[in-house]
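Below you'll find the structure I mean.
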Amino acid sequence: MSTGLSRKLAAESLGTAVLLAVVIGSGVMGERLAAGNTAIALLGNTLATGAALVVLIWIFGPISGAHFNPAVTLIAALRRDLSPVTALAYIAVQIGGAVLGVWVAHAMFGEPILQMSTKLRSGGAQAFSEVVATSGLIGTILGVSRFRPDSTPMAVGLYITSAYWFTASTSFANPAVTLARSLSDTFAGIAPASAPAFILAQVVGALLAAGVFGWLLKTERTA
Amino acid sequence: MSTGLSRKLAAESLGTAVLLAVVIGSGVMGERLAAGNTAIALLGNTLATGAALVVLIWIFGPISGAHFNPAVTLIAALRRDLSPVTALAYIAVQIGGAVLGVWVAHAMFGEPILQMSTKLRSGGAQAFSEVVATSGLIGTILGVSRFRPDSTPMAVGLYITSAYWFTASTSFANPAVTLARSLSDTFAGIAPASAPAFILAQVVGALLAAGVFGWLLKTERTA
Amino acid sequence: MSTGLSRKLAAESLGTAVLLAVVIGSGVMGERLAAGNTAIALLGNTLATGAALVVLIWIFGPISGAHFNPAVTLIAALRRDLSPVTALAYIAVQIGGAVLGVWVAHAMFGEPILQMSTKLRSGGAQAFSEVVATSGLIGTILGVSRFRPDSTPMAVGLYITSAYWFTASTSFANPAVTLARSLSDTFAGIAPASAPAFILAQVVGALLAAGVFGWLLKTERTA
Amino acid sequence: MSTGLSRKLAAESLGTAVLLAVVIGSGVMGERLAAGNTAIALLGNTLATGAALVVLIWIFGPISGAHFNPAVTLIAALRRDLSPVTALAYIAVQIGGAVLGVWVAHAMFGEPILQMSTKLRSGGAQAFSEVVATSGLIGTILGVSRFRPDSTPMAVGLYITSAYWFTASTSFANPAVTLARSLSDTFAGIAPASAPAFILAQVVGALLAAGVFGWLLKTERTA
């Protein structure tokens, strides 16, 4: 393994770990303080996640591209920005980092480290929400990086800020995040039984957006 | 129809659809979670809409101008930035996209797809609010794009963030949005009977701002 | 009066009017919706005011400098960026615009147009808060415009967002705003009897900041 | 002492004072208004602190580097960006400014000036939170200033916005802030008995991040 690749994998792993620590940690904070008002808990969760994403992409973008998300890595590989082997390595360390991040959040809040979520998030509406959420995320990345690449980190943070509220699933939009959140029986958790449909929907949404935006953005180049 | 125009219309349609999915979806989320505290629901609705607008204009601005709003298209046509035929096509697909976005939001939240709002928003104060809201939106677009065009997407997002709170109507400021929101009996809905006065007020506000800012900004060029 | 000056005065007047419509309007919205939780009302009021300030300074900054505030105009005149006569004209139209903005907000919310606030905001702690709030505002403008002028509009919006929360007076920091808010018996109002101490404190704070930052920033030039 | 250094120390002292006035002041405001809902108080506290940090770093960054934090100064000294003597002077005035800022906040809110916190924040989870919080802050500064230096002020503000929510300690991440907050028996206070563990954890976190990011960022230069 080249030195460059090891640094890229460290960046993907560390960045995804912090992202999960933020998602889980701010969820616990909101749940503990909000006195039962879930909307206020979600406001804090949203603010923390959106802000952290911008910072993480600013930090790690120049090193690894700051995917933190197997769906993003999949699209990058399909667009040949990444070799298949590198893509698989990215996805492996994203999942590893994500799980580590959940455990860090549990440790910070004095929760048992090892947990399993019991929060069911099932049904067609939830799955459809994940299709929409992930296609929006991929569309944001492809669209903004095409014309205003410097604004992509801010765009991803703002998109997720919005998507936590406008999708019924609160926008997981990330298979590594989905797997890791099944290991936390807190505000942001998801029961393992609900995870496969989420991940399938995320892949469908990502492919859908890659198709639509491939057409929409290519035309601009040639028309 | 040229290839360029079909991509522009796709951009206007898709962008307006996402905008409406955000407005309606985050409204339902807020209403369901906020335990009757409407101010908290409006906070979530505001955050989601303002953030999404910035991202949508970053994505679609370079393709179609990112109007998503017949009032904006009307002013662009009057300023000869757009031909009358193109303007009519823009408005048609904006309305179509807006309706589609409402239905997507309903599907995500497991609501009946076809609805009709029963929320009356009538009276002179509401109409006057829409005059103010729309003139502010047009003033923001004309003023910021004149001196700091790169900041226009952020300016529109921040303006709507503010206008959701400082106008009594929560700032629809968009005839396509108004029509589409009449098809949702949720937080962000508007009874069909209240829509015509809103749309008339929006057109008045847009023309007013175009006049005032035409004068204010032209002087700067020549003085 | 030159054409250029009349446009500057129109910009100061219109910008201050919108600022007050935002402050008063979002205060009423918060008060009506927040079900007695003043912190939530203040969150909405803060979000709306901070966002609007950024947009207003982006729009009107290139025309008039976007003071919207007699304390800012006073410091500009003392630093000879503005003639005394122009400064007096700025202050006059700022006050006129501010009053108009209050009335626009009342009209939007179906409130009686003419009101007088009964909300006492008196005592040394409130006055001291206004010294701090205004010196912070002037320090923000002088400091950021010295090294990063393009960021000044965003800095002013972020500063006021913060100052609404960290000062006991919720940071009026503006004599025209103070006078105009005495004409609204709503969330953001101030009893006329409390206004003179606020305005005196604002002038003291502005002069204090001009002195401190004059020294701090001049040294950087020569050291 | 050179003129340049005296201005740097004034900047560090004044900036840290304002930071503490914001942290304590917005905490009191939140606590008084939020009617017992701590999550809403923390939202206001977060918004005010994050926004102020961006502005303060924009203002004072070009003068002193805008550390406002002995942990940041320590890392800068270890990286030889600062001489040991200057670093000690920075830390001394940061602490002095921080204490002054707490007293200013107390004066603004009509609280007794001299207080001692009784709020225990002890245990391993709290200390671990401070390790995470401070390593994240140092990682943000080192990572963003390496590739996007102009975005560092915004990055620090966004990071703290996030860290107030995702760490169990609400992210003090600053020894001067920790000492000063022990002098306030309000929302943001910390009992003096809990301060040493916090400060130790902050130093550990800072050193950890300096090591990790030294490796991660150096590689990018040479690979």
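As written, the chains take the letters A, B, C and D, and residue 1 is the first residue of each chain.
Just so we're on the same page, a residue touches a chain if its C-beta (ideal position, glycine included) is under 8 Å from a C-beta of that chain, and two chains touch if they have at least 3 such contacts.
Note that the structure is a prediction, hence the values are computed from the model and not measured.
Between the contact lists of subunit B and subunit C, the overlap is empty. Bringing subunit A onto subunit C by least-squares fit of CA atoms involves turning it by 180°, to the nearest 5. In the contact between subunit A and subunit D, the residue numbers used by both copies make up under half of all numbers at that interface.
Comparing mean CA positions across the assembly, the chain most remote from subunit D is B. Each chain gets a centre from the mean of its Cα atoms; for subunit B and subunit D, those two points are 40 Å apart. Computed centre separation for the pair subunit A/subunit B is 28 angstrom, with centres defined by C-alpha atoms. Contact of a single residue of subunit D with at least two other chains is seen at positions 37, 40, 43.
Within the complex formed with subunit A, the residues of subunit B that make contact are 2-4, 6-7, 10-11, 14, 18, 21-22, 24-26, 28-30, 33-35, 37, 40-41, 43-45, 47-49, 51-52, 54-55, 58-63, 104-105, 107-110, 157. By the touch criterion stated above, subunit B contacts subunit C in their complex at residues 36-40, 42-43, 46, 50, 123-125, 128-129, 132, 136, 139-140, 143-144, 146-148, 151, 155, 158-159, 161-169, 212, 216, 219-220, 222-223.
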